[in-house]
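Order of writing sets the labels: A, B and C. Residues in every chain begin at 1.
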Amino acid sequence: MEQQLASILDKYQHNPLRLMDILIDIQESAGYISEEAVGYIAPELNISRADVEQTRSFYHFFSKKPTGKYSIFLNTSVTAYMMRRNAVARTFEQEAGIPFNSVTRDGLIGLFDTSCIGMSDQEPAAIINGKIFPNLTPFRVKELIRDIRAGKSMEELVVEGYGDGENSNEDIRAVVNNNIRKIGPVLDPRYKPGEVIWDILPKLTPEQVIEEVKNSNIRGRGGAGFPTGMKWELCRKAKADEKYIICNADEGEPGTFKDRVILTERPKLLLEGMVIAAYATGATRGILYVRHEYKYLKTYLENLIQGAHERNLMGNDIAGIKGFNFDVRIQFGAGSYVCGEESALIESAEGKRGEPRDKPPFPVESGYLGKPTVVNNVETFCSAVKVLLNGGEWYRSFGTEDSTGTKVLSISGDCRYPGIYEVEWGFSVNDICEMAGAEDIQGVQVGGPSGSLVGPGDFDRTLCFADLSTGGSLIMFNYSRDLLQDVVLNFTNFFIEESCGSCSTCRIMPVLLRDKLKKILDARGVKKDMDDILAWAEVLKASRCGLGQTASNPIISSIRNFKHLYEQKIRRGTEYDTGFDLNMAMQDGMAATGRFPVTQS
Amino acid sequence: MSKQITFTIDGETCKAEEGTYILDAARKNNKYIPTLCNLEGIPPKGACRMCTVKINGKLVTSCTTRVTDGMQIESEDPGLDDLRKSILEMLFVEGNHLCPSCEKSGSCELQALAYRYRMTVPRYPFFFPRRNIDSTHPKIIKDHNRCILCKRCIRAIKDQNGKSIFAFLNRGHHTKIYVDPDLADKLTDELADRAVEICPVGAIMKRGDGFKDPIGERKYDKQPIGSELEQQL
Amino acid sequence: MEKPVIATTSLAGCFGCHMSLLDIDERILELIELVDFNKSPINDIKTFTRECDIGLIEGGCCLDENVHVLEDFRKHCRILVSVGECAIMGGLPAMRNGIPIRECLEEAYLNGPTVRYTNNEKIMPNDEELPIMLDRVYPCHEVVKIDYFLPGCPPRADLIWNALTALINNREMDLPYEVFKFD
């Protein structure tokens, strides 16, 4: 073991800032991160055991105990449940002979739950030893467990054939489909990689690049919508010996998977965007932070970066521009939604717990290692390339006045054509439903759990920053769905699971709200419980980051837009109910003592 | 010396050096803003959110936000008072805070704030989590029942090489304080005393120590927390 | 005018709160002038004989019997007051909360050091006459609606006096700092 640990430490030069990579490698090679491993690497990195433990214990994919030779992580996202996850999970348990969150006695199979893995258009999906297995059925699960027991290799487990587009690339070989349904100017395949770097950048000063980006009015595509040009300008003006460009490819918002498709089909566009941002801001180093769930893209992306170096699109004197040096490394996450928040992402990239920082200072002043840092979404970088290629004015010809350009949407749920759609801002929810073949729709979750659940009365509202702002996740629910039980409860549990725990508000309040919601679902709710939820949730506004501040959105937006569903559930004729159930409260005590004298052997 | 600036807290004019955190600036002007995680001289980490104030209608933590010239800070209004009270109540239901049997009772900052805000009962249901008392270390006892995860011990207690002795373990509502067993073994008396002293609640206790001050003579028996500042007005 | 009627009970408590009520010293004579007592250990009236104005509850709910008594109080009292930490948050009995009741019972009757070698037949008390232990100790307001809360372990006599006279005279309680304590 020590030899293996030593070589992993050597690979990262015993650098504590690379603790994430070190732990990922240990997890992957040993199947878990043992006490002994923690005890071994801490002094080698010159940090305390506590420092290692705090990072190790934060991330979902790091385990203290063995996770099985085949570790199966089955997605718990709302769309997975809509596509019969329960039957799939049951079959996994029956076939493996163990409940979820445990490992078979022979150490062969481990079954675990995991939050949305970015496959909402091909659910239910599981990750087995890093490989994705989408579109699972009970039949397929039986095959998988049978083949695992028969000792088949990971490659041999695949019987579906590889997915469309680059998913079949020999560096990827994934059973994942892109499901690209609509291509717009950003995803347009008629694109010559490196064209902007070679032909346009040398003719422009960094200031001119920023001017063009500002002229396009493009705003951040991750959801928050900060003007990109301004962000770059702030970073440009910040004085420092080193600056960083970070691409946020941690898309963890349930229901979003567009970055996965861009990373698969247009990675060169993304990398080119990062190079442009580096030129504009004066950054010399870049980090592509990719969520752990997309680790199957690792070799592919690494080779592309290598290729960019070979073609002088990265490295030193890029495209012949004297002194323009820029290099990108890939940082994988290890299972944490909150790392999609830019400052949490930076913490994570520094090898720490993914806890958001207090702001200000913002990353443009003090980001990675305290240096000025631009963090942009995958799609933002891609759009910037097209802005430089065709001009800001061209870009502004798409979309609405306050939301220029296009947006890549991830559409899933009850529709005939789930997948990726690049549309101009300003589409209404109705348009989206028609486009995706969604009929008889009861509600649409716009912007994932942190967005809002809207009903038919709001379907003429439009997607744009001024109205329905979104990072691109749209989940459709038809009238067969129990919105409160299937959707709102699932999302609230998601927020509970993914809270970093640093702020008191976000650590505690979502649990309280979930319990209230359950009380209502258990038919013990009264009108006061709805009032309590609305009043209690206010405290979340005092949370440090967006996750905490939006953690009550599923419940609050559903009370607002689907009040009738709550009113159907709450008790009539009584104003007060503590929810106390004497019979339930007595069960354990009765079981422990019995009704007649019990002699224990 | 850096520039003196003027700002207001609840309409009253205050002065401070530019770049001071609002909470510290308020202290210097004898204005009390409640906090459970802030410690003078230690970098802030808005963990408890108790010191939340309003600036231009926006909620910010005063321990992490610096004052600027002309800043108008709202700190005491019914909305903010209720926000702080509700945070206190959340902390009370999250852990197992059995004041009657706690050595820190009477000198506990969480309890003192609950007195100050006249909390008779939390509006939320109690979690009653199962937590343990870690008495495996030679100098200190870590009672997880009482911990409010303020991070003071994490931030303020480092060994002579600057290494962390305390750290967060897990995340979300499973978060708890991890005590590094190796470094806790070598903990000096000085550092152990300091850890006990800075813990706002009774979550870190010194071995063989407790109930030293009689009831009636404890820190907050007679005067509310914060009154030491306010009385100087 | 008829005097207000008070009832009191101790559920999963130690009677310390009742003791504290008696700690109002000579004011007890004043209290007798002000109110009548109905069901209460103070006068040993075991069952409600009339509707009451104020019910003082000491202790939380640890047994099914506590729940029945508490519900009876809710039925017969216009105002219910949780008196003391046990009624408010379970108090020391709630130290068992979080530990499954089976574990608690087994520790108490089968595995604990005082019973391990003496309870050879491994008997767990389970006579039908015995009340049933609940899965955890419940604060009173998590079982029925409680109108007021008087913190303390026990609440200081002055606090109880202050609150009682306020309730009787229909004025606001002022809960002075010096007597507003959780211990």
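As a convention for this text, a residue touches a chain if its C-beta (ideal position, glycine included) is under 8 Å from a C-beta of that chain, and two chains touch if they have at least 3 such contacts.
Being a predicted model, the structure only gives us computed values, none of them experimental.
The chain with its Cα centroid farthest from the Cα centroid of chain C is A.
Two chain pairs, A-B and A-C, are weighed by contacting C-beta pairs, with A-B ahead.
Separating the CA-averaged centres of chain A and chain B is a span of 33 Å.
Centre-to-centre, using mean CA coordinates, chain A is 50 Å away from chain C.
Chain C has residues 136, 141-142 in contact with two or more other chains.
Residue numbers of chain B whose C-beta contacts span two or more other chains: 125. Taken together, the chain A residues at the contact with chain B in this complex read 47-51, 53-54, 57-58, 336, 353, 358, 360, 496-505, 507-509, 511-512, 515, 532, 536, 538-539, 541-544. Interface residues of chain B facing chain A in the complex, by the touch rule stated above, are 44-50, 52, 59, 61, 64-66, 83, 86-87, 90-91, 93-94, 123-125, 127, 148-149, 151, 159, 163-175, 178-183. On the chain C side of its complex with chain A, the touching residues are 64, 67, 100-102, 105-106, 110, 121-126, 128, 132-136, 138, 141-145. The touching residues of chain A, when paired with chain C in their complex, are 576, 578-580, 582, 584-601. Residues 92, 96-102, 105-106, 111, 114-115, 118, 120-122, 125-126, 128-131, 215, 221-224 of chain B touch chain C in their complex.
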